[in-house]
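One chain, subunit A, appears in both complexes that follow, with subunit B as partner in the first and subunit C in the second.
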Partner chain A sequence: MIIVFTTILITGLILGHYNPVLSPISDVSEKDSIDSERQEKDIENFPPFPDVQDDDIENTSIQQKRGGILILANRGDPPAGFDTMRTSSIALHHVAGALFGPGNLVMRCRENMYLVCPYLARSWFPNPSFSEWTFILRNDVFWHDDTQFTPDDVKFWLNLAISGLNVGDKIRAPAYFEGDLEEIEKVEVLPPDQVRITLKNPNRFFPDILANPRLKIAHPRHLMEPRMNNGDVSISPLDIELIGLGPFKFKNYEPGTIIQVLRFENYFEKDDRGNQLPYLDGIDYVIISDPVAMDIAFRTGRLDGGARGFGHYLSEERIVGYTRDLGDDVSFAQIEGGTIRLAFNVLKSGPWQDMRIRRAIALWIDKESAIPAVLGGFGWTTPDISPNNLFKDKRFVIWPKFDLEPLDERRAKAKKLMEEAGYSNGFSMGHLCRARHTQACQFLKDQLLGLGIDLQLHIIDEGEWNRARVSLDFDTQPGALSVLPIPEGTEGVYGRFSISPDAYSKHEDEEVDRFYRLLRDATTTEGRIDIWRQLQKYLFLDKTYIIPIAEATYVVPYRTHVKGLTIPSEDGHTNTDFATVWLDK
Partner chain B sequence: MIGTILVVIGMIYFKNSFSTTILLQKFLYTLRTKRGLRQLTKTNSLIFLFGTIAAIIICLAIFAEFVSPYDPLVQDITSRLKAPGQEFLFGSDNFGRDVFSRIIHGSRSSLYIAITSVIAGTFFGTIIGTLSAYLGGRIDLVLQRVIDTLLGFPSLILAVFLVVTLGASANTLIIALAVSLIPQIARLSRSHALSIKEEDFVIVAKTIGAQPMSIIFKHILPHTFGPIIAYAAGYVSVAIVAESALSFLGLGIPPPYPSLGGMLQEGRLYMEVAPWITIFPGIILSITAFSFALLGDALRDIFDPKDRFYTGSFFPLITKSNRKRIKKF
Partner chain C sequence: MRQFRIGNYLFWRVVSLILTTFIASVIIFIVMRMLPGDIVSWILSGGGEAVHSTEVREALRQELGLNDHLVVQYGRWLWSMVNGEFGGKSLVNGQPIASIVFRQFPVTFLLVTYAIILSVIVSVPLGVLAASRRNQWQDFLVRLITIPGQALPNFCSALFILLGLIIIFRWSPPIVYTNPWEDLLNHIQIILLPVLLLTWEHSSHIVRVTRAYILVVVNENYILYARAKGLPQGHILLRHALRNALVPIVTIMGLQLGWLLSGTLILEAIFGLPGLGGGLVQAALVRDYTVVQSLVTLLVFVMLSVNLIIDLIYRISDPRISLSNQLTHSYNGS
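Up next, the complex of A and B:
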């Protein structure tokens, strides 16, 4: 793998640009002290790693059918006027893939999301120091109003995301993913079809950061800029009829009921045989906020696919009903999802400022129990930093090797630590709890009760959650933000509070900065993995700012006549464009 | 606790009310004597049955700690989704918690919230309505427009608005349900107080120089008590259902603390593999609401015999001949 990667890298540099970028997935270095016998056992116990779907293989040998309307459930109304700069909500991004496309200049490859594929840019190349990246745009990309997509659109979108906008006394805030792009110093248009992005620091993995499927271009310059200059700085995509670049164009939106999109005839992507994508005539997203209602609609044949999003993902119990009613007419896509975590606000005074208390909690929690109780029976307890991880293969998943003693031993240690810290009788501690995640909160409350900790649940709606999580106004929180699939992109959720206010745990530990600096400066995959592991150990063991509890496997139902689906191995925000989907009925 | 205090104060306050005393004495006589009890079960067995059930539910709720076999909050993941049996009478839920124990504690929450909110709503509604009627003029005009505005909202929507504004908790639910009851009671007490205000004994009291507060509390309020208590008693079942509805919507008692509505909500996702999580709280909720609705009707008969619509009686006030007359009517 290292040889393949190195060969591609060198070839790419020689040729001036490489396309696509192969994200390095390397063997684990021998210096990592992993017990090989145990590792083998862990690999055997590990749930099947999602490979390329059967459908993908099937697609290469059979003729896709054109036409038809795909009917999918959507978890709710897309918030924030469908503005991809304002929210990472899956209720938006499940729809936004079709409207705005699966990526921006680049995208995660459909068949392997760990690779970077071209999307609006046909190729790209860095300068020798990796501090400048030049993207060459396709010339056959059109907005849904048939206006040509230009490098100026890219510059407008990137500047809007990074800096926001000031018009008089009106201010438009930068995008919520501003932190992911904070390394960008300058964006230049190089006529006729190139964009050069200059970074503050060299970064060899900049395309990987850019390939985040949440970074969708939904802001046509020719429609938005004039209105923004007239003072309408808070204009959203919905205000301009959702004109995008994706495979489907907007047809109709009835809040609380349905979103309908139709095939965009001028879409630029083609399949391997040169056929125009998308295959479908359109998609109807039926808004169903209640998972039980979705189950009923699906099982009675009114839906072709389920919604993505926590709560709507199926549990073992719900699958029973699906298979009983539909038998072989239903298939279940599996996506590795987010983790249940417990993150501390160590900037707020309380017993949890004592590292021994945090360690005691980490040791006490029975992580296995979370899988059936909270994750619907699909998940595992690897104390990984996140499933959204470039190095996610079976060898890396089983890292790190700590807190693996039997539960009784861990709990005895935890009690001892509580005594040493002077809290043998426990204490009370607050916990931000999103209303849609009450099961995880109930689980945590019960777990900590045994340690004498009274976890006070503050159950809040999404609006309050969005406010509170970036404040210092809490003791602990679950930490449920999505992160990038590469370690460099995770600073937004694990970094210092003053740099990353969105971070799960609120701390001002400069050592974490140092780790991220080392990561950015690393030149080899082994080096990155080594630093990444050190950082994980530091966050989870040495400091225990965050306690990873369990990782979910999200299950989405689709009817078997839905073909051409490319289910991402992780991150449900990926592959939501449905451009390659067709209906075999 | 607040409810009990208010009931005791009410009993002391109304001890001099002739009609109330007579009715209560008859009621107690009915329960004390064998003949009375026999006639009670014979004349209206349904009310007796549900009255007994309501009493049992209240007793279980009061002594929940002693009755429930398990702690309703403690999880045992190894016992999750167990079917009803010897180990778990009503089965176990997703976290391995005993459904029976949670129902008992959930009933206590529901009853506490429903009864306390009804007492609070009745108390304030009666005072507002009576004051409005007695004082009249601009105060009456303003108060009635406020009442009209509140009545314009469906009570559940009003309760949802208040819970969303104040945050979900038991106390918020009590306030929300009480606030939705206040305008109804205020309207009722005002209409009765308006007619009583014109009675001779009130005019006489005014003539001899009695203070307005004295007239309101000694002469008017005791005479409006009957219909109000009858209405309030019937509202308890409405409050139980409303509380459950709010809890079902996630606006009630926050988890992990049990409530009947919350249990229905949590059990929905497991309806096919573990229907007992939903069915048993549903049955208990229905029985509780039905029992209190019938009890409310019975109390209406006691305190407001004019509104009696069915032939049975909670105690032997009505003779056979009277019942025939009512049937004809």
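Up next, the complex of A and C:
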């Protein structure tokens, strides 16, 4: 064995141009000078993912599309018994799209995720004051046990999500997204096929909120309600064998190993030519928690697609191995991802309570160098919400357009602000650092050293991260929560601490409330964009509660024989139903 | 009399085993509750990426029984351990822990068993060979093999081997684990490399220990006497030297079991084996209290049982060691 090992080792070293994932990240100093235009160009030049509308796809017959098993990696076992009310974990939602569908009554449109498309409802209309929304359901939707989907299912699902359940002394907690639906006052069934949702306050954008792909219906009333009434209030979709409404039905689940789904023959969606979806016979989700193991399996042809989720998204260095081994047989889908940021707890005493200090830090950080150093080469300097998003303030897309001066000048200004605030010799400041994101923490620590700030990294695991970030026990934190890609959906992460305890920055600034009120009252899209831009300027510049540094571009590998996949512009939870996917083998 | 002594010895050892397991379960319960972190927030935030309200968090905490007094929580868990539910359900995914153990234990058990069997087959003969050919090329070769086995972390050698396989053969092990009774060929392909790596690591220690003890024993007078009698060298080594060196070798093998189990944690993740090690690490990371408590208690029980078995093997391998002595020694804390 030692001879085999030594041979392999030596050969590996001889062929040493391979740069394994464990190697240090690229030399930041060499890449520091990358300018914003270069970053834009890099992204533009990146091989595009095959579009669903390609001619060859259009000309492919249904016979060619039909069949085959798609093999995808999945980041881990779906937690919480596959319960979409319990968790937004991508390990669940990468699978849940196929089982439960890409949406609920509505969904994000496949071609443009910023628009709302019908899903289980064929149409909807509000009352004149936008306080009541009526949804008319399709009549050809069936659960995987062939039971008809009805308005009662919608009422049961919404009530369970909003209020949870009490049976005797047993309690079932509401859905984690209950806050998104808290405006719902009541849900009424209007036989035979309508559901009317009454809101506490008028909301013109209620379908946008409902179109969140995390809000999947995975709770068939006819199977769950009787068991819940008998006291089994914590019943999960896994307990009823994952009976859903999605394009694929459950076949097999071996925890830690594989999840298998098969085509649901009674699925209602059809393609543009009237052919029934999905095309595939099934999907195998192989559970691979280790990204290196995923790389190895993919590069040796055992996978058709990679996992979604931080850590499994590819870096520049890993892509080199993929393209060398697979050449044109692999393509890389890009999804705008999470943002690296520095958020202050201004409710805790410290130098960072002084706005000049926060501003100095914002000016000092060389945000562009975060892209090679932290994001594996894929990303751009931007505060929030994808560049493709209607609401994106283009001034923010490349950060220097916001702070236009060269880095040297910005840093001189930062030093001056520090001096004015009485901290010319710097100070020490804590930072909550998730153990899985230490590169970003180290980047911040290195950056702030030049300003005289000793950033004390408190490296914590996921269990502690989920407690500490909601507390006031920290000085600064990175923030890592996904929100709805609409301005109104960001209050949970930018709002006041009393209203939004999970917000990145802990503050009690009532001016932020005012902006969100204005947003909710806005009657036109232009008005919303304008208010959103003002709010961003207030949060990121005027008050600098949060310093957005760079936004990641997540890269997911797929074999080129995987066709018909619609990659969302942002948010890896979107388009995980794979109903339109087929294999060109 | 002899049977009574063995029965007496076993009785007290089993009592001690149960008591130690109980104390370990209390300690792990307390340690898990003292750790910073919140399982409820982990579940609701989907791995730290979704906003949720304080009210929902409190409601789920109540649903999971985490608002109950700690004594109540421990009592509930302990009762579920003895009533056949084996710890109740996972807080994260609601699966019965018995089913988790039933699923994960065989994977780790097979992995460790293969490694132990291979280690014994390989390491004892190699140790004897190295000792009998001291400072000759055979000895140097054995040292060349075993020193990296002791020094290299197994995740490092695992990655080197996997990457080497890609570069040279464009091949990697299968990604979906199957039990040997389901698909033997697939099972062998997926488990071969981790077994070889564990064996290499485990047997390297045993080879070194075997070599060292044989070298000590061969200088004893009774070996000299055996040589003087004209007994063949092989006979002397196997019947006299090896047998007398077996007690420390068996001890090391027993002690190494803990290392072996910890070695499986990383290898299971890298090779996609759904075993106990990976399951335990994942459960600890997300503070799945009931799963961690149950699995650690199981591991403590297994380790103590193995130690008991090793003590019994002492008796077989060296009749001079009496059970009453062992019992006395254990009570004296030695």
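Methods note: the second predicted complex is superposed on the first by the 503 of 585 C-alpha atoms of A that agree within 3 Å, B and C clash if a C-alpha of one lies under 4 Å from a C-alpha of the other, contacts with A are read in each partner's own complex, and residues count from 1 in each chain.
Here is the rule we go by: a contact is a pair of C-beta atoms (placed from the backbone, for glycine too) under 8 Å apart; a residue touches a chain by one contact, two chains touch by 3 or more.
These numbers were taken from a predicted model, which means no experiment stands behind them.
In the overlay built on the shared chain, the residue A:318 is in contact with subunit B alone; subunit C does not reach it. Of the two partner chains, neither subunit B nor subunit C is touched by A:200. By the touch criterion defined above, A:164 lies against subunit C but remains apart from subunit B after alignment on the C-alpha atoms of chain A. Of the two partner chains, neither subunit B nor subunit C is touched by A:514. Applying the stated contact rule after C-alpha superposition, one finds that A:292 touches each of subunit B and subunit C.
A count of residues in subunit A touched by subunit B and by subunit C gives the higher number to C. Legend: residue contacts after superposition of the two complexes on their common chain; A:174 is shown touching subunit C, with no touch to subunit B. Judged by the touch definition given at the top, the superposed model places A:227 against neither subunit B nor subunit C. On subunit A, the surface touched by subunit B in one complex and the surface touched by subunit C in the other have residues 292 in common.
Across the interface of their complex, subunit B is touched by residues 291-292, 315, 317-318, 320-321, 366, 369, 372-373, 435, 438-439, 441-443, 445-446, 449, 457, 459 of subunit A.
Taken in their complex, subunit A has these residues touching subunit C: 1-2, 5, 8-9, 11-12, 15, 18, 20, 22, 76-81, 86-92, 164, 170-179, 214, 233-234, 236, 238-239, 254-258, 284, 286-290, 292-293, 296-297, 299-300, 302-303, 309, 325, 338, 434, 460-470, 480-483, 492-493, 500-502.
For subunit B in complex with subunit A, the residues that touch the partner chain are 73-75, 77, 80-81, 94-95, 168, 250, 254-256, 268-274. Across the complex, subunit C meets subunit A through its residues 35-39, 41-56, 59-60, 62-63, 92-95, 100, 103-104, 144-145, 148-149, 157, 159-168, 170-172, 174-177, 196, 199-200, 269-272, 274-275, 278-279, 282, 285-287.
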